[in-house]
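Take a look at the structure below.
Per-chain residue numbering starts at 1, and chain names A, B, C and D are given in the order in which the chains are listed.
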């Protein structure tokens, strides 16, 4: 019985992130538009786009191989699994032990791996540009992320997200320098990973600046839909990751009852909204940087992460 | 009993080598020789596995060979059984691969006899139980592999590769010889049993560690002793490259483990720091070198260097924990390292097989001349992709598991009392993460440029799929990558006796855990379930595909590439390996390789194309090896003048010697 | 033995050393050959004396050998060669006579030191004798080293052998095998040198070793 | 019967020499040469089974029994090789029949001299024998009568006879040292008596004696800086002689040196000969190793490698101790087998390519596979790689040394490594790459070469117990 309930919760959680993802993207767009004094598309516009794309036929380049057609599903699967393993409104999910934070990062890594391959598959110069820039960014962002994980794991004594979240909620945490550094680094990494300004601009097709868009340039129809969906899933994942690690309030334990869970969901949605808002504000307040300044940005993140890891030993909270 | 079986297998292999000398010219020889190799290796593999999984006690055999009063001692314990299994697994698959691949060999007599001998050398190193037998097999291994490297001797670069390889190999052997000299003492207690019994002093043990690190490291390819590796591995025929990269470097790891963990006595506090630092440095340097490479096989060879670094990080951690008596943590780190030994041997061999297939199909090793092979050789492309994903440590494949375990071990570092280690280990962790990310980048490049995109040369357009034997070998290893990725628990449990023997503890048994997940310490701390992740991905992928095709559209139309509206450009406009690596080269290369790019533009109106020239410098080579070569040359020139003296001058040399000796006598107390 | 025996033996041995110095001093080939003949003569005398005081008759043979071969035949033959090959008469030294002499002194001192370290049990005659013999040997070597001309080098070698004979005869009761071998060796040495001079004459105009050295080992 | 075997070892070569000197005709003389060498070898082997009592002049004991058999064996194989080699020389006209007759006679004289030096129980006789061997080899080195040959022979002759003279002086000194103890006359030169009484000898005199013997016989061993004659003599003489020189004569000289080292080892008051030998050995090793790099002539290359190995052996004997001594003895045996085999190969290579310049050879494994791989095998063996005998000895030397005096071992390893690199640098040019020079097929018998390699390989895997027992006894005596 309990198992079935757990299954149910896990399923709800998966569906929740899946459904919320386009909404979040749309919300960010909306807020940005408003900040720019524009009307902007409605919040549910991404849903419409996705459905439209799904319905369209796929126009496949002649030089595309089977890999090109498999990749969207792979990316979607990997991202979705990763996203569904992050505690959103409740810790101790049924399958949370099946992969810890490192594994989640690795899952995202494999998604990126195949996306970059897809970018090179058709054999156009744009795809190449996108892939090479993407892997360059990743090669710095992933270690930075790893350092953040180290910091948190060393503090929480675990890489298991549920355990970490519970620990972060407990008073044992206190206020630490390394945590602050880690948060800063995490935000920087999140921005880079999701291809937001100032690293990349999701809404441009300007060859000199684009990274992600250049990779998916040849995609169309349902493939493109899946890729867009996984992109917004990724955004949700990162926001909820930051949420569950640094704003663990309202995160319900495994044995919580229905009303608690409902409250938890509400809190979670609130956090998402807050994150999206902050993101929008941040994005519309700064300009995109040149591609070759990105390494400095991410190098800074990496250094921050390493610093956080090392400072962890000196910054005890009690 | 098992030991007898394995020994007789090596004897059979020796006979096969002799047979190959005799009958190498016949056409069928290739099949016969490699077939026999596969059979012998398979027998030995089964026997070894039965010994390893059956938790059999160590078996000992002494033959009246070698040094007369010593005899040749052989011992099969858990450690050697594991490495022997790695050797035999590689041997079986390589032999099967070669049954197809070897037919393209133009001078089979230069390969066939040495291949079985090479296998013999590797197996005997693992089985040896006294210093003499160990070094004899070790050097024999180097010798035979050198002969294999020289098999395509008409290319001057291969000769150079073989030369550097052999010199470095004998350097390593001499270092190990010195180490064993120390351990054996002046009376020459050469058997490992005696060495274990004798407890060396701290200073002695320290010297042994350094010698073992240089000796085994030069064979394993630790930076800066790696220079021979990227030259020699590509030069050999691909199935041999696979063995050298996938297996022989592991033999070097075995040597290091055997000496440092088993023979050299109690580790001192700084040992682990040295090993960790070297390992981290090696990992990052290896992958950076690889990123700058356009030669497919050389790129793979540099990745061997990287992975050896990762393995040594694991060993260093194990050493650190062992020093402070944290047995379980040490067991975790050691298991991580050894598991990576196995994993790397699998996917690196697989990748070299793939490279060999590409080489036979197109005759090209330079990626800049390849591209679009996924259309011509889809199956090779698939297995190669699996290998790339595995070596890039992507879940749910095996490479990820060992790296994950290593990370888990790193996360135990705060429990270490020593502050130096507390700070060093996370830094090494950062290096590990960096190298992992860069490796992924590098294999996007390798696979993307080689197999994806459009064909860059005509050589690719007429490429055809490789033969069945080769494909079988590659599929087998690809499957193994997946199995070891989704069911790591089985492999971890198999390694338990080793860590029990070496560090006095082992990881908790992984078989009992729910859903076959692996739990290094405790479930609340960290756990990973490759099987479940795999199932999840398969399910959600198929589910989404099914749903979309059903509910939405599954229509599809072929059309020219969009490419932002530019009409179809020539394949030359694709991103090349060089251009792909450019961003990373700008980030790291300017420091590490003094990378400089300069464009020389033709004069206005002239027709020749503008060129982008990138020059990289191998600082390690320039700083370390060039000076040595120059010094030797200088000394040789100076001394060579003595060849051209007159008789009278020679006489005066004799005269001087006499007078000096008499003076010595005169002033002798 | 009586003091007289000892003194005479000592005197002769000393004279040998002195004559070696004379050889070092010479700068004309003919004169060198004469001095060498004298060297051999004194050697013969000392050997004879040894034979007398040890009343070992077989040593007279050695003395005779030394007298005939070294004091007469070899100098004459070398004279012939010089004339036949028309070798220019004066000797090119590598180092000047002065330094050569000084080095010689040092060598004699060295040999004295080395030999006198020998404990007193060994009978004094033998000791002194060996000391002188050693100095003669060293001087002979010095001569070979400091002379460029083949003939003078051969002479140097001969005087070295003289030193050996001196030592051998000084060794009381040493079996005949040694003298024979010494004489034998001198003979062979001379013959072979003769052959070589002859062969060399076929090909070169001079016996100056530098002509040989021109075709040294590795052609470069 | 007993004494006969020993006598045969000496008399067969002597009579054969006289016979060959008298006989014309190439084929028949070559056959007789082989037959005589074979007979000598057989009678030497019979010494294994019945060892005669040591007499006043002759002696067979643990130390020399092995070397006698080794010498006669290599002498036999070399005569087989020389038969095919000299035939080619006649065709090319480098040798005339008269000189050939002379050559064969001299070959047997050389055999006689070396056997005599080995079995001599009298240090005077030993000296005579070694001098005889010197003179014969001088004549054979000069046999081609080219500028270079004459010069090499001349150089060899001068340096050799000076060395001989020094050795004689040393011998006299030993007698002088022995006389007060043993008494006048023959006994004071009989080695077996000397070794028994040596404890009471005057140490100072022994020291001086050893210095002279070290330099005298050391010249023949080819230790730097006394080595000058060796490379040229090897390079310019006929190749069989190079093989015998490297494989046997150096050993014989070293053997003589060992006898006297044993004398000093018995006498506690005498200075330990170890340091002297270690120094000379290391100098020779490192020097020769560096000299290998600039060699253009293949025979000179391997001549220098002989110097290198003599250095290693001398070093090992200098280190002393059961392990090092055993290793050194083993190394002597292995080196003479390997090096002579290498010279067999080199001789054929030089005949095939018509030159000795390394630069003019190339791709040998392509043009003459058997020859090329034979040469590779030889270099691999001489470079001390398993599973060949020299690896065993080098293993023992290095490992036993490092535990005792690391500094020396480091120099040793350095020298070995430098020499190793040099040898393979040259081997690459000779054996691999695009074929260069003439690609004629060699009509030659590879049997001697591969027989040697088989033995060396066997010794790398398994050493017969009898040999071990002898070597261990000797190692004890050597201290």
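Throughout what follows, a contact is a pair of C-beta atoms (placed from the backbone, for glycine too) under 8 Å apart; a residue touches a chain by one contact, two chains touch by 3 or more.
What you are looking at is a predicted structure, and each value in this text was computed from that prediction instead of being measured.
The interface holding more C-beta pairs in contact, when C-D is weighed against B-D, is B-D. Rounded to a whole number, the gap between the C-alpha centres of subunit C and subunit D is 31 angstrom. Note on chain placement: the centre of subunit B and the centre of subunit D lie 44 Å apart, centres being C-alpha means. Subunit B and subunit C, compared by their mean Cα positions, are separated by 69 Å. Work out the mean CA point of subunit A and of subunit D, and you get 78 Å between them.
None of the residues of subunit A touches two or more other chains. Residue positions 643, 647, 651, 654, 658, 662, 665 of subunit B are each in touch with at least two other chains. Contacts with at least two other chains are made by residues 154-155, 158, 162, 166, 208, 231, 294 of subunit D. Pairs of chains meeting the touch criterion are A-B, B-C, B-D, C-D.
Those residues of subunit C whose C-beta lies close enough to touch subunit B in the complex are 94, 107, 110-111, 113-114, 117, 138, 141-142, 144-145, 147-148, 153, 209-210, 212-213, 216-218, 220. Of all residues in subunit B, only 371-372, 374-375, 378, 381, 385, 389, 392-395, 400, 404, 407-408, 410-411, 414, 419, 422-423, 426-427, 429-430, 433-434, 436-438, 440-441, 443-445, 447-449, 452-454, 515, 517, 523-529, 532-533, 536-538, 540-542, 544-545, 548, 551-564, 569, 571, 573-575, 579-584, 586-587 touch subunit A in the complex they form. Residues 64-69, 109, 131-132, 135-137, 139-140, 143, 150, 153-154, 156, 159, 162-163, 166-167, 170-171, 174, 177-178, 180-182, 184-188, 190, 632-633, 635-637, 639-640, 642-643, 645, 647, 650-651, 653-654, 656-658, 661-662, 665, 668 of subunit B are the ones that touch subunit D when the two sit in their complex. Those residues of subunit D whose C-beta lies close enough to touch subunit B in the complex are 154-155, 158-159, 162-163, 166, 207-208, 211-212, 214-215, 219, 225-226, 228-229, 231, 271, 276, 287, 290-291, 293-294, 321, 323, 363, 365, 369, 380, 383, 385-387, 391-392, 395-396, 398-404, 409-410, 413, 416-418, 420-422, 424-425, 428, 432-434, 460-463, 465, 468. Contact residues of subunit C toward subunit D in the complex are 114-115, 117-119, 121-123, 126, 130, 133-134, 137, 141, 144, 153, 157, 160-161, 163-164, 167-168, 171-175, 177-178, 181-182, 184-185, 188-189, 192-193, 196, 199-200, 203, 209, 212-213, 215-219.
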